[in-house]
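In this document, chain identifiers A, B, C and D correspond to the written order of the chains, with residue numbering beginning at 1 in each.
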Amino acid sequence: MTTAPARDDHDHDDRDGGRDGRAAGAPPSGETAYTSDEMMTVAAARRLDDGACCFVGIGLPSTAANLARRTHAPGLVLIYESGTIGAKPDRPPLSIGDGVLAETADAVVSVPEIFNYWLQPGRIDVGFLGAAQIDRFANINTTVIGPYDDPRVRLPGAGGAPEIAASCREVTVIVRQSRRAFVTSVDFVTSVGFGSGPGDRERLGLRGGGPRTVITDLGILEPDPDTCELVLTHLHPGVTLEAARAATGWDLRAAPRPRETEAPSAAELAALRELTERRPPDRSARS
Amino acid sequence: MTTAPARDDHDHDDRDGGRDGRAAGAPPSGETAYTSDEMMTVAAARRLDDGACCFVGIGLPSTAANLARRTHAPGLVLIYESGTIGAKPDRPPLSIGDGVLAETADAVVSVPEIFNYWLQPGRIDVGFLGAAQIDRFANINTTVIGPYDDPRVRLPGAGGAPEIAASCREVTVIVRQSRRAFVTSVDFVTSVGFGSGPGDRERLGLRGGGPRTVITDLGILEPDPDTCELVLTHLHPGVTLEAARAATGWDLRAAPRPRETEAPSAAELAALRELTERRPPDRSARS
Amino acid sequence: MATVVPLAEAVAELVHDGDSVAMEGFTHLIPYAAGHEIIRQGRRDLTLIRMTPDLIYDQLIGMGCARRLVFSWGGNPGVGSLHRFRDAVQNRWPGPLEIEEHSHAGIANAYVAGASGLPFAVLRGYRGTDLPGRTANIKPITCPFTGEELTAVPAINPDVAVVHAQRADRRGNVQLWGITGVQKEAVLAARRSLVTVEEVVEELEPRPGAIVLPGWAITRVCRVPGGSHPSYSAGYSSRDNDFYLAWDEISRDRETFAAWMREHIL
Amino acid sequence: MATVVPLAEAVAELVHDGDSVAMEGFTHLIPYAAGHEIIRQGRRDLTLIRMTPDLIYDQLIGMGCARRLVFSWGGNPGVGSLHRFRDAVQNRWPGPLEIEEHSHAGIANAYVAGASGLPFAVLRGYRGTDLPGRTANIKPITCPFTGEELTAVPAINPDVAVVHAQRADRRGNVQLWGITGVQKEAVLAARRSLVTVEEVVEELEPRPGAIVLPGWAITRVCRVPGGSHPSYSAGYSSRDNDFYLAWDEISRDRETFAAWMREHIL
């Protein structure tokens, strides 16, 4: 349950990458239409190298990771905080503890072991995180909107996120871009990105590399190597820099010439939709 | 490997309670002859209550614990530091990691788990320890005879003993009685009995009750509730108080009227000999 | 040695008002039936401990059984919010709910310390987050060898641990497999423990991936087939994902929630 | 991803003079064949780490491969002394041997810390014994919540861990069962790891009590049937107890030992 913020108030449907994403701008001719969430999920999947091990949270990250396994990265190692190592689900698990994860895993270990022996030492290449709020240094809030003691919105909280953000070799954040989510200062630091800038991770003793990519429904942001501030480096097809700036609560920096993300290929879309449209049968255990 | 001191120099054959024990005094008429080691093993077995859980080391303790299981304590739970919980060996294991232990156990856990989750919290009723040297406060040495840096005899060392002595609800020590073993001051404190007397265990934060019984080939010693000093409370049949004093390196205190240990019954001897005489076949894996 | 008794009897015997209770099960093997029995018996002022409160604690909180919640992720997995939990924290309904909030790694290690008879656990966690500012139960600790500063959390030792497992034998030995989460640690950390099982068998035949909790380390075992629904018990049932979805609507409104609990639980 | 290579190649690649080497296996699954290959390759100045040195380290010590030994119980299980170990400590033969001595619980926890990426472990151990006076690697630590004083040991992170297991698949995933000791911790704590296995199979079919180490967490796997003799591999071989008895005589005398090693190992 690392990456699922509350569904309402901070909308981020974490069951299905394709559901309520806005329709993207007119698709490049000759390609099938796709939603902005599909673009986001495909862009995230592309960031996963074959053979890497990935600490996956439920929702879009899990969909993206499973998409990568089905396309360019068949050797991707999926690790879920429920203790399943090397899970090979044939459908996106509906929960972090979905039976399909244990049934298809190379190894199933206890929850203390997954955090202590596997995540904490820095064995994991990529951690995937969602966010209800994120700031320019990629610090993440999934705890509360408003004052902690009198919250306007009480979100689920930390889950595995703080240690994923601390320990994975790199972190990819997937979050829909809006002024409500992209804020100058998060209401609560649940997971540390670059703190208040260069050197903070080292000062805090965080051994992982921190956020390397923030993938949104509008484009891709990456930290400036010198300042650690998120910089817009890619725009998805049909998205303008102005649109991205309008959806950001701070004065968004952009690369001199943001590149256009390659649109989802027909193969990527087909694989993604096969994943997300496959619903498990009702296997109610009521009796 | 908790309880096996070096075989030579500090003789304590830890494979077979019956092997090189001195022949006991003339057996009471009408009873089969038995060795002093057999008397010692039977006396130790009798101290184990049915249903108790017992942290067992290889050698005489294991023989005694298995004898108890076969006689008055069929529900005795045997725990070996190799991680086997509830082992039910049909023969005394020849090593702490004998296959028969895992095959017959209720649960097999890792070595860190057996010490951290099972021994350390004080879940174990009885710990069995051997000794190369023991003092009047039941402090035990299984590390070196002579100076640590230039030992006359290098013994195997601590194994699980220090934490068994610290954490079990009570400890039973089995050791052949001699001036070489029963010393005024041990050359090295490997495992703490009562330290230098009352209150020391509490001061050290040792939560187990400490030694409750020291069983030798001559009799039984128990700590004085007030002074914590070992007092001879039982003599085995045919053993005199003088003999016990002669085999003790300090001025041994005795109860006003030491009781005579009940001689091994025919049933006890039969069960013990069945245990100790059953040798496994040569199952060499050379190939 | 755990004895096998009826659920109502075990709950009445082991769970008292004001107790700290850990009902664990990481998505899998969540002890719903035992939670419902605690609700029926009207327990109050409980300190509820659980990594992922899930629907079971949403129900206990909504029914006013809890005074305090210790947790690390309070959502409806794959769905969204826990509305009763949110209503309690945001609006103090049905009453105020103290919360102590951690990360998964923090609570998992606190259980490990509890199971190990240690007063605290050490981890690389929480550093730089706002979590330590919200509880006295997260403190820095310095390595005596390297001088490095890490984080300590106190051991969790609940009054009662409640878990669900697939099987037990007549001696009360309990066997569970699949995703086993922190159940072993929760049971070993607790002063008393209650295990509900799908079935009681003569002999626990060994199974791949199964762990066994010896009967002498458990207080009570209860036979409750389907006792993990709408969670699941691998080999016996599947997760009722539709119910988790439906709960979003059932729990959103106080009256709808109360009516549902009256109809299905009380 | 662990690749499957010949033993001589793996040892030459992974084990160097001066390395710290942990060859674990708690009576069961002791990696003798790998130890013998290290002897044949004439490694020197090794720091040998092992809870129970057993005959395998008696041989390495007697052959002059070791500069230092970190251990917790140095005997011949069920037999008596390790004569080569004693000769080294008592008479500095074939050379001086530094020792760092712990309890089982201490070393087991030091491996756990190493596997967990922590600089130290905390336990209730050593208190009141003479062990802390003999090494700087046992220190008191105070609970930041209760003020209670406990004991800390530094993490063990060997340059190389060497273990023996029953099976591996072609992707280098390793499966072991029976008494699994501290092997998982030793492998995960080490910078490099070498696993010898009884056989390499297409697929690791699940087994009761088995643990699996994923191939991506292991450096090299070598197929060495019988590689644990005179220890044993549950399901493949039985412990050669007669050899453990015979070793008492073989190892008692320097020349007899050297002759035996020349004839059977070199």
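Just so it is clear, a contact is a pair of C-beta atoms (placed from the backbone, for glycine too) under 8 Å apart; a residue touches a chain by one contact, two chains touch by 3 or more.
For clarity, every value in this text was computed on a predicted model and none was experimentally measured.
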Chain centre separation (chain A, chain B; CA means) in Å: 58
Mean-CA-position distance for chain D and chain B (Å): 27
Euclidean distance of C-alpha centroids - chain B vs chain C, Å: 41
Touching two or more other chains - residues of chain B: 116, 120, 167, 207
Junction residues of chain C - those touching two or more other chains: 112, 117-118, 123-124, 148, 150, 184-185, 209
Chain contact topology (line, ring, star, complete or other): other
Chain-chain contacts as defined at top: A-C, A-D, B-C, B-D, C-D
Complex contact set, residues of chain B against chain D: 1-2, 4-8, 14-15, 58-59, 81-84, 94-99, 101-103, 108, 110-112, 115-116, 119-120, 143, 148, 151-163, 166-167, 188-192, 195, 200-201, 204-207, 280, 282-287
Chain C to chain B touching residues, read off their complex: 1, 112, 115-118, 173, 184-185, 188, 211-214, 216-217
Residue ranges of chain D touching chain C (in the complex, touch as defined): 117-124, 137, 139-141, 143-146, 148, 150, 152, 154, 206-210
Chain D - residues contacting chain B, complex: 26-28, 51-52, 71-82, 85-86, 89-90, 101-105, 108-109, 111-112, 123-131, 134, 148-150, 178-182, 184-185, 209, 225-226, 228-230, 232-234, 236-244, 248
Sites on chain B touched by chain C in the complex: 51, 53, 77, 85-86, 106-107, 116-117, 120-123, 167, 207
